[in-house]
């Protein structure tokens, strides 16, 4: 069985490459969308006097997270077909992944901004920084590593969810797994499972490195201590 | 010059933090806002740079209403230091110090040069520290950088909110001394908030003592101690204890040598040259046998006049055994800043000044506060 | 209160949609699933999740706990490392490998879910106990508690909220994984969704998807409540205070 899987890998590297690319493409699009919306929403709800909105948004997003991916795909297919949009393939999967990716990013953006030392903000304001300057020069640089941690969580989680998306025709590394299950081809199942796991683990490492790189140097040394 | 004209602050919940406050801080003056917590001193300070909007009254800086300026522009012209420092951990020491220059869009090299200059001013080696991050500095060093940062764009005015409040007493003392030394050089107009009477006496040219939003007394430290306006001031500054403490010391214990003594027969122009060299505004004059005659000032020295003609005779003098509290009231009553100490033969032994008494007071208050 | 209202509304909506779809009877040539079928699929779903979860709790907590002991300090970093990496592995990979190695059906699904659910429980038990202030343990020992008493009266009660959080996470994730396990013939609500997707009939998909979502949301809320209830009162006050800071 393992031997067969290995045979498959050496005889069809092009297919594995194609599935991986499809997978990465979905992840890239969905997480880019999630990052943009997540950070914007996170910044918005961290504003003064928006505590209640923040609580509600974060709570709704966390309920969203509990919805099983297969169920969400199903619900989205229903909604999309009612809107006469393509109800299988790329679109429902990207929408689902974007929704799943939002929570960790919103939550991390929100907490990171809220946790910036008030003394720093006061110092900034006292020296004549505008609110935008305080956001861009003080709050965001300090929040970026935390936001990156959220993005990392989102990416790793979404690699797994995208795999299930193969079932509704989005392609990617889930495809060999489903095909293998349907046709009793254990070699295909193993190839898909192993490569999608490797992808997730590599993405985790890579995003961890990115998290470290985006941490401002002065804060890094503090953490090391 | 900062002028507060009938300034009042009422918060949304109805608390009156500051009531009808009038205060004028002169150019180059170190003004301490002192009082127990909740007295409105910090509110007052933050109204100057509009971090807290005022409810009534006006605040003028050099005659301009602060509300005539854009708030961020105003703040960039006022140095600001706070107890928690609030250094930006993601920026280097250089970038932190150059925050306001950066906001004012100075060219990069100029920002760095300014940061180096200010680091040197606060006694830190630019070569060692300029590219470090705040997390790599000790608490005292961070505080120094905080002070350097508030001087970033060389603002004529500084507002400081207990900038030395969060550090250990030994380092605090050192920083206070250094800051006084710096202030002697840069002569900023300063509004400095503290609840520490010791610090107030040590640092302030004048102290504005506040209570429940009202300015109770605005005076120089010696006056505040020797003639407190009411019971509250007396208790708050611990005047009784401190003045009792002064009674334990005599003039001879703390007097200093006169900076320059001149004999009657000397040539006026030579004396004038010596005074210019030592940057002295006045000198003390004695007979050849050492008897004290009086004071001469630099302005009065002329080739056409003999020294004897320009003597200002002393209105009061004290003996080496004069108690310090008496000496202080003599100085206050006769409105002189320096008191000559003479022996029974009227020979000049030394001088006492407000600064000397203030140092003594500072120590006394410090000791009084550390008592259980 | 407000949160539970939100959950209640969502559940009502999802169940309402399910009932509505079921009441249609048929769409075109396709017959809808009967109400009975949906109920039995839900029960089957719960059965898979519960079986896996009970096993995971029974094995995960002891492993997590033992990893914190001095005697196991050599293995624990490896173990926790595996648990961490294991959690990044996609659930579909677990299901696929279980199907490939153990054949199709209920047992393979339960085993895959059990292994996946054990990881967060091990990790949270480990982290929950290690994060305790050593002074607390020292104080307990100092007062003459035996090792067993320190564990049962101090360490485990204090780590309980964190362990519960691990159980909650793994349960909610498992509701989703169990749906995917429909693929390897384990039955449950996933099978209904997959049938719907196979025939491309939206109402049938919804018949499976809506109750699955409802199940996950309900279990999450329930376990969240349980987590709250099981948190010692002193810790709750602490938590609140930290939040307010």
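As written, the chains take the letters A, B and C, and residue 1 is the first residue of each chain.
We adopt the following convention: contacts are C-beta pairs under 8 Å (C-beta built on N, C-alpha and C of every residue); 3 or more make two chains touch, one makes a residue touch a chain.
All values derive from a computational prediction rather than experimental measurement.
With centres computed as the average of Cα coordinates, no chain lies farther from chain C than B. The chain pair A-B and the chain pair A-C differ in C-beta contact count, and the higher one is A-C. Comparing each chain's Cα centroid with the centroid of every protein Cα atom identifies chain A as the most central.
For the pair chain B and chain C, the distance between mean C-alpha positions equals 66 Å. Measuring from the averaged C-alpha position of chain A to that of chain B gives a distance of 57 Å.
In this assembly, the C-alpha centroid of chain A lies 21 Å from the C-alpha centroid of chain C. Contact of a single residue of chain A with at least two other chains is seen at no position. Those residues of chain A lying in contact with chain B across their complex are 117, 119-130, 133, 137-138, 141-142, 216-219, 221-222, 225.
If you check the complex, the residues on chain A that touch chain C are 1, 56, 59-60, 63, 66-75, 77-78, 81-82, 87-88, 156, 159-161, 163-164, 167-168, 174, 177-178, 180-181, 186, 189-190, 192-194, 196-197, 200-201, 204.
Those residues of chain B whose C-beta lies close enough to touch chain A in the complex are 49, 51, 71-77, 80, 82, 84-92, 99-100, 103, 133-136, 149-150, 152, 159.
If you check the complex, the residues on chain C that touch chain A are 3, 6-7, 10, 85, 88-94, 96-97, 99-101, 104, 172, 175-177, 179-180, 182-184, 189-190, 193-194, 196-197, 200, 202-203, 205-206, 208-210, 212-213, 216-217, 220.
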